[in-house]
């Protein structure tokens, strides 16, 4: 029975991850960047699940589970921080938020 | 048998310690009693020791232990007495005692009384150590120590800048001499492995002549550098005239009678070295003669009474150096002894004059004092005839012996020496005539000094007159090598005649025809100015040595080298590091997206690296 | 735990105790510091007698594991070389406590705490027999000094402290690298085992190895000495440091460098040491003359004394690299002398500063009238410093110059010029500060020595006279140890004769030179 | 059939991903991200991870993305202004991305043989029972820690979002 090569899953994961990076690099909006991070996390999750399939073990999925949980927590805190930043700086453009420098 | 030689210097040292620690809290009477008492005891102990040790054919050595020991080198604390030392001990303690007594009167109204006597006692300690030392190191201890005391006492009036400057000058010029002395010591350690007289001298004797010539000549010349410093010879004599800033008893004791003769003593003491270095001996004799002449000419023109006698001292020291330089060690020491008498007398006498005039030292403001200060006048004339070499007074015997030995060495040395003798007579009597004859040219009321000052004058006058009959050269015969050759008695008359002529000229210039001297001086013009300004030696030294060294140190070494180059390099390294940091910190731009790019860059490299290394397989 | 451990532990305990004291009560900090430092001094005196009897072997040795891997040991002991330096450190600490009694008025307890910590480091350096332990103590002494200068210093203290720290650090990092290299070669940091290996021929360092290792150690030590041209941190550090800091820095810390040279650089890398000796001696002699000349023109008293230190320590380095008994003995003796006399000079300059609040020579004059006792003590110290016989420095300088004359007379000639110059700058200083009429400002502010100040000065003056006259008290153990070290340097060179051909020429030459002496 | 499903949902995921990255307005990005997540959930199913697929839809697509949308609307975030300040991104961004993607793909290709395929239904260890079993036995401690983490995160979010920061 012909199936999908495993490598395709992984390459899809890599492509999504690269898209995430691209979003992080080229978007200048804090929230979009944050979403790009989520995208990267999802790309990694896909790898985990794919490997879980490859080795026939559930551990990869457990990891995915943890990543989701942490991502949820992160999203909560991160968005709260974005809120706080917006309240003080009145902007979401990261290039304007650069006071932590030399 | 121990004679407890150490007591001789230790007694004055005890006096120094007592006066130094307690002097400020006790009365003047206690201070000078302690000071004079210790010196007197020391003098008595010298007499006792010498009478016990006579006839002292060979040296009596006492060892008290080791001072410095390192590996095979050992430097002992050893005192020794032989006939040479005996003479020196008597001169130092004897003249020292007289001058201590004199100081009671002279210093009566000065501040820092205890300090003065403490320093004098300290000087006695070091001088006696110098004389008693049985090795060069201990001699050097005394040598440096007397230099210290000289410094302290020249700068005694430390509120006067000129006095402290003179003190510094004395110490530093002496240090230059000591530099030579110490190098000589190091060379001796290297060559002979010891500094003991008892080891060095026999070793020299045993050395083959060819081997000895170079190194022994070097040692002797270096020792002589030391002597030129301490005994004020060309080119290091410049400190001695300035040293007259000190109180007059100091000038008499340290800068006339004892300390400055240490160089002569040292050369005489190390005759076994010098006799093996004829070249060095010639240098010594020539320098001595030259110094005698040059200093005497300067002495003719000075108006400060103490300066006249200071240059006279330099000149007379030149004679002594000439004496030891031509191999007449006994004669040199003999002149040292007689000079101690008459020069101490000259200084104490001039001190008495200065005391009488409440501090006036300029001959042009004196005159006619023989009526006011008769004792001083008479004793000074005694000293004058002694130094002028008028027979049968002390200077005649000792000086003539040196001159005859010089003639035996090189006739031209005799003639220059004799000429100098004439000049000597002239300037001494010039001073005496200016001071005591004619009209009184100053202000204030001159008065005769107290007995504590005049009695020492009288004692010294007696010694100056009769000192020539002391059998010093004969007594020293066993110590020194015999001088061959016979006296040419005709020459005696020449020098005596020159001396008398000098007195005559002085009398003609300053008593019979006052004013003539000024006209002669004016007619000589530039030559007179040259001599009057002491051949500009101080100025030349200042311009050629002091200023370049100080200025060079300040600008070149400190500002340019230290602050500029070295610190520049150091700070430059620091600065470049900072610049690099400033450059690199631009990466820390605060822009998150830039950071992300760097992270990505790093990750790419890491992944490529891992891939290449096969880490992912 | 033996006496030596106790001596190391006590000031460390004192350091903690002072830190724990309440800030409100500075008197307690002073009291505790004085008590501890005096106790340490008294205890350390007990070290002297056994070492005096046998200076060439290590005594009061403790050898315990500290860290198992890498094999770092707590190995301490004291011999004729270290004993007087230990005593110097323990003597000067109470002196410094006394000196700072009034002078330090802010952050008092921290000051005394740092002083005690400094003492730990200094003692440790002189007793450590494990290279790593040595390095640790070396750095331990560095930190408190940095703070002493940086917190309680004068106007430009930060600059001076940073300069001091960076200079020293640059050197000590090189040393650490060399120590680690040695460890990688041999598997041990232990100095005595290393020497034993070298003696037995088990450890033969090739010539390039020796040269590089020697240079690493040497630069660290030379900076600390400081040897020309690595000296420029010294004047700045001294000028800015508080009095106690200057005293400890000049008297004890500079000796760490020269001590290191004698203890480590010479016996471990004899071939390299002999090969470089010529160049090092030239630097030392330049330092002697240069330091003296620059000292002469300083307008600031502390700077003057600092440059004079450069000059004096030139003598020490010269003595060390003569490889003669007299030279080494003189060098070690001179370390002690310099510790005493320059320490005393800084002490007295500190007294003057406390009174007039200035270090500029031009602000003084006529102090002799206002403070005769102070002037007398200064005079004695000055005379000691310029090497007057019967005072301490003379003995050291004399032996050093004798040693150098035995090797090359030219060295002696140039080095002796420094003796002349020392008289110049010191006498000139004395004249300008103490002699002459007393200006109004000086008369108002300068008072004579107080009892507390006497108490700090008298031991030093007494030692100057004692060390100058009774050398027997101090010299024999030093001599014994130095003889051992000299033997060691020749032994090593002999082993190298059998080493690879590249090293043959130099080593053989070194042995010949050694034999010729 | 597998290949067909994979290709469809992979295409949706990549397409939505591109929209996420390329849209200037955060709302568009957020909506697209939901699309990515949904298609990923299908892919998880294909890989036999039923429980994770469900959670993905519930937690990610449901809870987290709603949070995002709320915040976007709360802040009234608009279209981002053009231009940026980061020169390294402009200089290095695209080349680095290309290199990364190339290298990773190359490594994956070399690592996992093409004949190793995924067949739907061949792995059945991804049901709630299996995951739960592993989670409450082997991974109990991490699980508990994560629960604390979430608690802290809640607190943090409340504190940060709740009041003005001075």
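Here the chain labels run A, B, C and D in written order, and each chain numbers its own residues starting at 1.
Here is the rule we go by: a contact is a pair of C-beta atoms (placed from the backbone, for glycine too) under 8 Å apart; a residue touches a chain by one contact, two chains touch by 3 or more.
These figures come from a predicted structure and were not determined experimentally.
**Student:** What chain is the most remote from subunit A, judged by the mean position of CA atoms in each chain?
**Tutor:** The chain farthest from subunit A, judged by C-alpha centres, is B.
**Student:** Which one chain sits nearest the middle, judging by mean Cα positions?
**Tutor:** C
**Student:** From the C-alpha centre of subunit A to that of subunit C, how far is it in Å?
**Tutor:** 62
**Student:** Quick one: subunit B and subunit D, Cα centre-to-centre, how many Å?
**Tutor:** 100
**Student:** Report the inter-chain centroid distance for subunit A and subunit D in whole angstrom, where each centroid is the mean of the CA atoms.
**Tutor:** 5
**Student:** Can you work out the whole-Å distance between the CA centroids of subunit B and subunit C?
**Tutor:** 36
**Student:** Specify, in ascending order, the residues of subunit D that touch 2 or more different other chains.
**Tutor:** Where subunit D meets two or more other chains at a single residue, that happens at 84-86, 89, 93, 97, 100, 104.
**Student:** Subunit A: which residues touch two or more other chains?
**Tutor:** 21, 25, 28, 95, 98
**Student:** Residue numbers in subunit B touching 2 or more other chains?
**Tutor:** Expected reply: 589, 591, 593, 596-597, 600.
**Student:** Which of the chains are touching one another, listed as pairs?
**Tutor:** Per the contact definition above, the touching pairs are A-B, A-D, B-C, B-D.
**Student:** Okay, in this complex, where on subunit A does subunit D touch?
**Tutor:** Residue list for subunit A touching subunit D: 1-12, 14-16, 18-23, 25-29, 31-32, 34-36, 38-39, 42, 45-46, 49-50, 52-54, 56-59, 61-62, 64-66, 68-77, 79-84, 86-88, 92-93, 95, 98.
**Student:** Once bound in the complex, which stretches of subunit B touch subunit A?
**Tutor:** Interface residues on subunit B, with respect to subunit A: 585-586, 588-593, 596-597, 600.
**Student:** Please output the residues of subunit C touching subunit B within their complex, sorted ascending.
**Tutor:** 163, 166-167, 229, 231-233, 290, 293-294, 296-298, 324-326, 329-330, 366, 368-369, 372, 383, 388-390, 394-395, 398-399, 401-402, 405-406, 409, 412-413, 416-417, 419-420, 423-424, 427-428, 431, 434-437, 469, 471-472, 475-476, 479, 483
**Student:** Write out the stretch or stretches of subunit B touching subunit C in their complex.
**Tutor:** Per the touch definition, subunit B meets subunit C at residues 24, 65-73, 137, 140-141, 144-145, 148, 151, 155, 158-159, 161, 164-165, 167-168, 171-172, 175-176, 178-179, 182-183, 186-187, 189-190, 549-550, 552-554, 557-558, 561-562, 566-567, 570, 574.
**Student:** Contact residues on subunit B for subunit D in the complex?
**Tutor:** Answer in residue numbers: 589, 591, 593-594, 596-598, 600-601, 603-604, 607-608, 611, 616-617.
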